[in-house]
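One chain, chain A, appears in both complexes that follow, with chain B as partner in the first and chain C in the second.
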Partner chain A sequence: MMESISNLWSIPLLVIIPMLTAIIVNFLYDKAIKPISICSAIIILIISIISPYGYHWFTGHPAFNPDTLLFTFNPNIFGYRLSLEFIFGPLQHIMIVISSLILLFCVTLSTIGLTKRQGPYMALLYLLFMSSVIVIMVNDLYHLWIVVEIGSLIVVGVAAASGTSISHKAALKYAFFSAISGAGLAVSLALILGLTGFANISDAIIYLRQFGIGDMATVLYIAFGFFVLSWMYAGGLAPIHPLKSEVYGASYPHATVLLQVQSKLMLVAIGIIMLRLFSMLPFVKEVMIFLSVITMMIGVIMALIQVDFRWIIAYLIISHSGLVTLGIGLGTQEGLVGGIFQAVNDIIYMTILLLCCEALFYFGGKTSTKEAYGIAKKSPFITTAVILGAIAAAGIPPFNGFQSEIILIQACLKEGLPEIAVLILMVSVTTFIALLRGIYRIFLKPPELQDQDDSNVDLPKVLIIGIIIFIILSIIIGIYPDIVLRFIIPVVKEVLLI
Partner chain B sequence: MTSTETIYERLKKWLDKFVIGSGYTSITTGYITGELQFLVFIIVLSVFFRIFSIPLAIIMLIFITTFALYFAPVIKDVEKENMNDLNRVLFWMVIYFAIIIAITLWGG
Partner chain C sequence: MTEITIQLLGFIAATVLIVVGMGGMLFLDNLIKKVIAFTLLSDGVNLLLVALAYIEGGIVPILLPGMSISEFTSRAALVFPAGIVLTNIVIGVSTTAILVALVIMLYRRYGTLKASVILKGERR
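Now for the complex of A and B:
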């Protein structure tokens, strides 16, 4: 029996439109860049909202069931898929919609703020978004490797594009490590391919669960080790965090918004793949939890001792990445739900904080906490927004951060790990302290120098609208978390085969 | 010199170790909070050894707390080890990787 089921129309569009836009704007100058970029971002957002769920199989052959000897193109009927594959399901839906919304604001802001080299910079932002979209949809080993490699190089490009010597150094160091982690991931994928014979990740997992690994466990362990390396690198987990935080701190704040989106999506996507591929091995979850705990604590401690607001946020992004991976590392239903939900929430409240940081560029661009600038007097709106963002990041109700952190704490307690629940609470409180230090110095404290300019600054309307939208989103998700959880729970059940 | 003055002097000396350059107040508070956070963090982590054995956790707790207090303030060293120097990151990555491989192979 052969069935005909077509590939989902929206998946290629979500990849090709950003790619085409990147190519086109790279060749354009001046006024044409802005309308094309914004229109493209709006189209991507619309596609991501209206797209149904489905698959894209690259190699045109059907799936094969060795028991019934049937071939099928229907992904809902069991069979080895044998193909390179992208999936657009509920998890991809919520992640890509939020990323597209962020892309729209980032692209618009960069057209307002940048005057030089706008085309290539815009191209990099679109490619960064494209790598985020692919990594969350990918379900085969080849595309996974390619997207991690390309994603790393684009991060290097975006960091270098801000044009300062610090950003150039950050980009160069990050580029060195991309060679190590990319090669490591390639070795890992080659080992898995050699063990199972399948390039499709679902096929490889089915094979491992059905036939076991026997004496080849050592090979799978080595594959896991290299996989962890690329996970640490892509998400900026300890000990790679100094390089990743440098990239976050040295880039433009609106670019950092997209960089942290990419990092969170990579952490979730690679983390889930690791959990599915290696969870049968002892000590795998413990290693993931260990890395997460170290990352979240080191990140938040380093945030406390920074003297620049951008670097405080950069280290907090790292620290909260640890919360995301902790949930995934727990490997339980609550843990996974909490981890993925934390990724969504983290993206939203860090966007609020980074957009407020972007606003500081319109007040002279000073973000050092060594001086006081009295921004509250000049812009009460931005000051209120940054305080609300800090409250959301600290996990205080009714904002979204509270909902995911409480799920993570409950997951830890259910697993009999109260120490880690205490550490999550510590991270929440310390996040607030670290942010408030910066907010007090930059926004609330009256300026120490009398000759500072007190004139009002007109902030771009799109910046204000963006901040308002993300604050509203944060409150809505905080009050009614089910609007996000209903996308996450089915995926988690599928991952855990409940 | 009374005992109160000695304690004050000691505390002042300890706090002075955090001050960098001109000694900004907000920086000093950040370092002190970071020091306390780090101390609590390693104490909580040492308790975590209870999953292997409770006596081991007690020994680790006493050992780590004593070391942390003896070598305090450690936040400056934590900061130094977390600098974005390429060689340092490479060194730590090799150490991490060795630990991960050792633990996972041991588990197998």
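Now for the complex of A and C:
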């Protein structure tokens, strides 16, 4: 970390630029929206790539070393920060760079696909990205609560924007539950604040470690309960997974890409915070592992019985969220590395699949697996891409999914949980079966009606470029996992130290 | 026996509001009633935070002329919960607005406010 107590310049920019773009495009019409949105996305991507590591304090200061009377970033030194704090470290770096890249393609795609109400919709996409960026950088309970609340409202808006009755119903259900979950997180914040006196997560942890919880254990249990509720809700974990899967299935595929990015970042961010804050409670890891296992199983089983390709992907996103939370729930170095790595990989291969799903909209928009459309004949490129995406999602080498899943399996075996390792393998196999079933019906099988239009469709270049880039990323990370792991491992070591 | 203080009463009232609000949101069928239940829930959370920050004989956290630092630190109310309450009020209003907008859209489409009727038939 940079040994400076100056606020890092890039952190406010990463928050303010999407927010400003959202405000501006909201008032613009047609042609002005596209250049502003794309320029903004490029600027965000550049900032996220070149930004150094550091902190931003809204009040207060870095930790104060009592021995040297100097500010310090050493996580082993107990010193109160007394601040609302954002962090931009290696984990944030890799996550935000990938999210920014995804934002660039999603924004460009949405300017091509949408004709009406483009401004407000674009604003929602930018706010969705902003909430993802904030949640991964936050190190205080106040901002965590705000971003979960605001992020939920934006998800409601994005889901409702597709304008169907299904999307309105999905949005309504999600909005009602967001109200409950957000209030729960506020109660949790109040309880931890009352217990420790600190809103800064590092301060609160240091207080709990130094002074213990004594008679107030019950309060911490209640706070943990509300945290779990928010975690389940934000990430779409079982048993409330239908809310999230409906939102994924009801939104436009390019919006679902950003929605799943937000979910994964929230799962990682809240999961790590839970692990740090409540690890002194006896059953925290068990609860997290239990939720992960049922999410993995229910998600993949539901994916198997779906008859629409969008819904198959929606449930697979849920199922693979369970893999992310499993790694975090294990709480070991291998587990955490595997969980966070899985989140990165999951974002990449689900983006490939969802972009292929977006391509289906240019072939008539039919995604039901009850009929055959023979897309392979019309577009061999999309068919190849979707098969490669499915292979990556199933964890088959040399794609990226393999690397994170093998780490997770090793972590489970080291923890003496071979049954969960077997379950991970089952999820991989079932993922491939579920996807292959949909791919065969929609892409590979010749159409049953011979009079279907066989004319070639011109797909947007940005869609093709996006798919190629993410496939290349998937293969490169699959062959050289250290490209991503070198960002994750130092953060995990730091988390486990505190 | 526990002394009944204003703070304790605040906690009890907040708990009642939160439980009633959550119950209403989960179990009532009418969408408008669900929205009203949400406002109760939100108010309960606000009251919890206010009660948390309450200090018997406390003062506003402004260091006035002539006041010693020790007197200020012992009597000044916590600032942070007030900030959270303010934020929660804003978020509560936003959430209510979105909920009402969605309810209006669904009412126009289905002609009813009953969640059981609107959500029947579900997805495809």
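Operating definition for what follows: the second predicted complex is superposed on the first by the 474 of 498 C-alpha atoms of A that agree within 3 Å, B and C clash if a C-alpha of one lies under 4 Å from a C-alpha of the other, contacts with A are read in each partner's own complex, and residues count from 1 in each chain.
As a working rule, contacts are C-beta pairs under 8 Å (C-beta built on N, C-alpha and C of every residue); 3 or more make two chains touch, one makes a residue touch a chain.
These numbers were taken from a predicted model, which means no experiment stands behind them.
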Touching partner for A:I150 - first (chain B), second (chain C), both, neither: second
Partner chain in contact with A:F176 - chain B first, chain C second, else both or neither: both
Partner chain(s) touched by A:I206 [first = chain B, second = chain C, both, neither]: neither
Greater residue coverage of chain A in the superposed arrangement, chain B or chain C: B
Which superposed partner A:H168 touches (first chain B, second chain C, both, neither): second
Partner chain in contact with A:T369 - chain B first, chain C second, else both or neither: first
Touched partner set for A:E246, first chain B, second chain C, both or neither: both
Residues of chain A contacting chain B in one complex and chain C in the other: 173, 176, 180, 246, 307
Chain A to chain B touching residues, read off their complex: 170, 173, 176-177, 180, 217-218, 221-222, 224-225, 228-229, 232, 238-243, 245-246, 281-284, 286-287, 291, 293, 297-298, 300-302, 304-307, 369-370, 419-420, 422-423, 426, 430, 433-434, 437, 440-441
Of chain C, residues touching chain A in the complex: 18, 21-22, 25-26, 31, 34, 38, 41-42, 44-45, 48-49, 52, 80-81, 83-84, 87-88, 91, 94-95, 98-99, 102-103, 105-106, 109, 118-119, 122-124
Footprint of chain A on chain B - complex, ascending: 24, 26-27, 29-31, 33-34, 37-38, 40-41, 44-45, 47-48, 75, 78-79, 82-86, 88-89, 92-93, 95-97, 100-101, 103-108
Partner chain C, residues of chain A touching it in the complex: 142, 145-146, 149-150, 153, 156-157, 160, 165-166, 168-169, 171-173, 175-176, 178-180, 182-183, 186-187, 189-190, 193-194, 199, 246, 249, 307-308, 311
